[in-house]
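Common to both upcoming complexes is chain A, partnered first by chain B, then by chain C.
The block that comes next holds the complex of A and B.
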């Protein structure tokens, strides 16, 4: 059996090795998990100003949304641009390019292993949040949990592909992390990390929904927190973006590799 | 250049140009560079052709920036040629087909593919899975190579805790795990101490004998080249100017040989002038530079005419000859 052209053995070995690697950095990962508390800051900001009602949410709804946004972010965060740029400039990419495994699979494995390492820290942070806000406690139903899990993985896939697209520009610019800012700013404002998208004026919301960003945080977080959401169209949009981005990354990668000069390698 | 079926590697009129930007110093230069960037093509390799047979060990010689690493990178498929053709075992390297990648490996001195914080064994098992080796095959292969490279418990220690020599040997093990038949080695002994260099050299020689693998090697250490490479390809400013055996190169570079004589009694220098150019004369020790065609007669006459305790004939140091060659960029 093969998944994305990879044998189960390759997938298992990559994941276990990367997990072992991530465990070497468990303290750093705990700190990374803690550094993702932006949704909690936003929650405290919006709840103190009592503007939650204008978003169509009460305090409990707001708390659940931002905790869900935090959890979705924990399992969809991507840093492939930075890893790729470092590998490209240090020459580590060269041996990877000469192995019968697409280098991007190594980054996928490292992200998935890191997500597994983050899991206990994310749970601990969620428990602490419930202790501090007992009224916001809720347990999603099994189907809700499954759909949230699926949409979070699709969100991760979209984010990974978007960054891979920028990372492939490294073959031209060698400093593609600067270009990553072009994605990060709209991501910050349009993903739902700072505010639920329902707070946006309808014309801004219409434009935002044409981009991939609302499907990275807002859509999975709404499912997890139990807010009303158009599940069918949400998944359809996620699948559509994945189907656009996969061939785009593939084409850009193939063009980029032709330009690779293996400088510093 | 027609390809003979017995040739493993065919390089035909290969060229590679790098596009680089030219920036003048100072603030004005910076502004100009920002708004109106001027680029130009720098030739790294120009119109190079040669063939390599299976099982050969070929050394690529050249000064820094001569183009030998660029050539190696084109042959292994890492970079695309600007013009010309490379054929390695019937494959076009830049297409990086799986069947081709399974036949080759690239080792670069002081560049690592091993995961820094894990023992080499973890990276070895990743490579084994990537190249489709079974657990049993991987185990047998790791044991075999570890024995040849004199690696033991180092394989289960984190890479960051290994010495440079141990790390390089582990890198070589990782690169050879899939039994490649063509090895591209770019400065594999760079930065290693003399003992570690010697071990890597003897391993490569042994590997070539055992497996019949073809080895293409660049090195700044002449000892690597003289110990491993019967054939050398010399490159200067991107152009090939010598392709042949190392001995012939040494002969053409130095038509004379050194004759060192230890005499029983001291002699005046005038007595040696007719035998050759006196390099050194110190009490009972004389060093003469004698042309190769007169060598037999001169040695015979010296043994007849003087009371000699010891006599030694040697080539001038190859490092010195090659160093001069890099400056000249041509063989006489």
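The block that comes next holds the complex of A and C.
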């Protein structure tokens, strides 16, 4: 049996080696997890200033939404462009390109392994949050949890593909990580990390929904926190974005590899 | 003293020459900055829907805070980030040896070696927003309020620099500190909003533990002519303590430096 053209054995090896590698950096990963505190800062602002009511959320609803946003972000965060740029500039990419394995799969494996390492820290932060805000405690139902899990994975896939698109530009320019900022800025404001999208004025909301960003945080977080959400259309949009991005990354990558100059080799 | 000014001039003119190579970068930074500003003003506006106020700050006066934040963010991008994130690399590659051997203060060398000109538009725009929004909110400038504003910005910058430098200096022990700076950046983002908008516990933390209030809220109060003198005085003491501590910490860290290459 093969998944994405990879045999089970290759997948297993990739994941276990990357997991072992990530376990070495537990403190770093704990710090990474902590650096996602932004939703909590925003939560304290929204609830302190009683703004939630104007977009139909009481304090408990806000707390659940932002904790969910934090968790979704933890498991959909992507840094492939930075690893790729480093590997590309230092010439480490050359041996990867010679292997009968698409280099992007190596990065996918390292992201998944990192998520597994991150899990205990994320749970610890969630528990701390519940201790500080006991009234917001809730346990999502099994179907809810499953759908949230699935949509978070799709969110990760979209984010990964978007960044891979930028990473492939490394073949043309040396500093493609600077370009990543141009994705990160709209992501920050339109994904729902700072505020649930239902707070947006309707014309801004319409524009935002045309971009992939709301499906990266807002949609999975709404499922997880049990807010009313159009599940069918949400998943449809996620799958649509994935099916647009996969061929785009593929094409750009193929064009790029032809220009590869093996810097540092 | 003159030697230090001459060194800065040489450093920054070479930095300028080398950055001319990456003009596209400049354009990208400019776009990212405008996008960030637009986005944060938009999010800020959501707090004011339905005639509400944000922790007894009006819309115009809250914009002054955004301006101060933008200004400091520009300084961070121009000066702090390019220099202080390099320290890790000097430690890892052992090239810190060469810096230490130079006949100039090593903390000075490490802090001003580079200057990223892409941060300059942000610095200027930040100041423009501060003055525009301050006029909009009906503040009448006096020599005194401008003077207090400059002093409080200086206080904010020194605190910001010291915290960044402390984290960067800890790379002597922990070679990877990139993540720690990310945590810091995430927390500093709290400075986009007035300190009185936060719950009491966070207000306390952001004033005394990680003094975000001194970075944005107090300078904004200064230009609006509302800053109390005792806070300014306290800020002077606090920023001096932070700076002295960063220097002592660096001296202490160097004693533990083992040099990676030799």
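Everything below uses one rule, namely that the second predicted complex is superposed on the first by the 265 of 265 C-alpha atoms of A that agree within 3 Å, B and C clash if a C-alpha of one lies under 4 Å from a C-alpha of the other, contacts with A are read in each partner's own complex, and residues count from 1 in each chain.
Rule of thumb we're sticking to: a contact is a pair of C-beta atoms (placed from the backbone, for glycine too) under 8 Å apart; a residue touches a chain by one contact, two chains touch by 3 or more.
Keep in mind the model is a prediction, meaning the values are calculated, not measured.
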First (chain B), second (chain C), both or neither touched by A:175: second
Chain B versus chain C as contact partner of A:2, first or second or both or neither: neither
Touched partner set for A:99, first chain B, second chain C, both or neither: first
Contacts of A:44 with chain B and chain C, given as first, second, both or neither: second
Contacts of A:185 with chain B and chain C, given as first, second, both or neither: second
Contacts on chain A seen with chain B and repeated with chain C across the two complexes: 25
Chain C residues touching chain A - in the complex, by the definition given at the top: 22, 24-25, 28-29, 31-32, 35-36, 39-40, 42-43, 46-47, 49-50, 52, 54-55, 174, 176, 179-180, 182-183, 185-187, 189-190, 193, 197-199, 202
Contacting residues of chain A [partner chain B, same complex]: 7, 9-10, 12-14, 17, 20-21, 24-25, 90-92, 94-101, 258-262, 265
Contacting residues of chain A [partner chain C, same complex]: 25, 27-28, 31-32, 34-38, 41, 44-45, 48-51, 54, 173, 175, 178-179, 181-182, 184-186, 188-189, 194-195, 199-200, 204
Chain A-facing residues of chain B, complex: 18, 73, 76-80, 94, 96, 98, 101-102, 104-106, 108, 111-113, 115, 117-118, 122-123, 125-132, 175
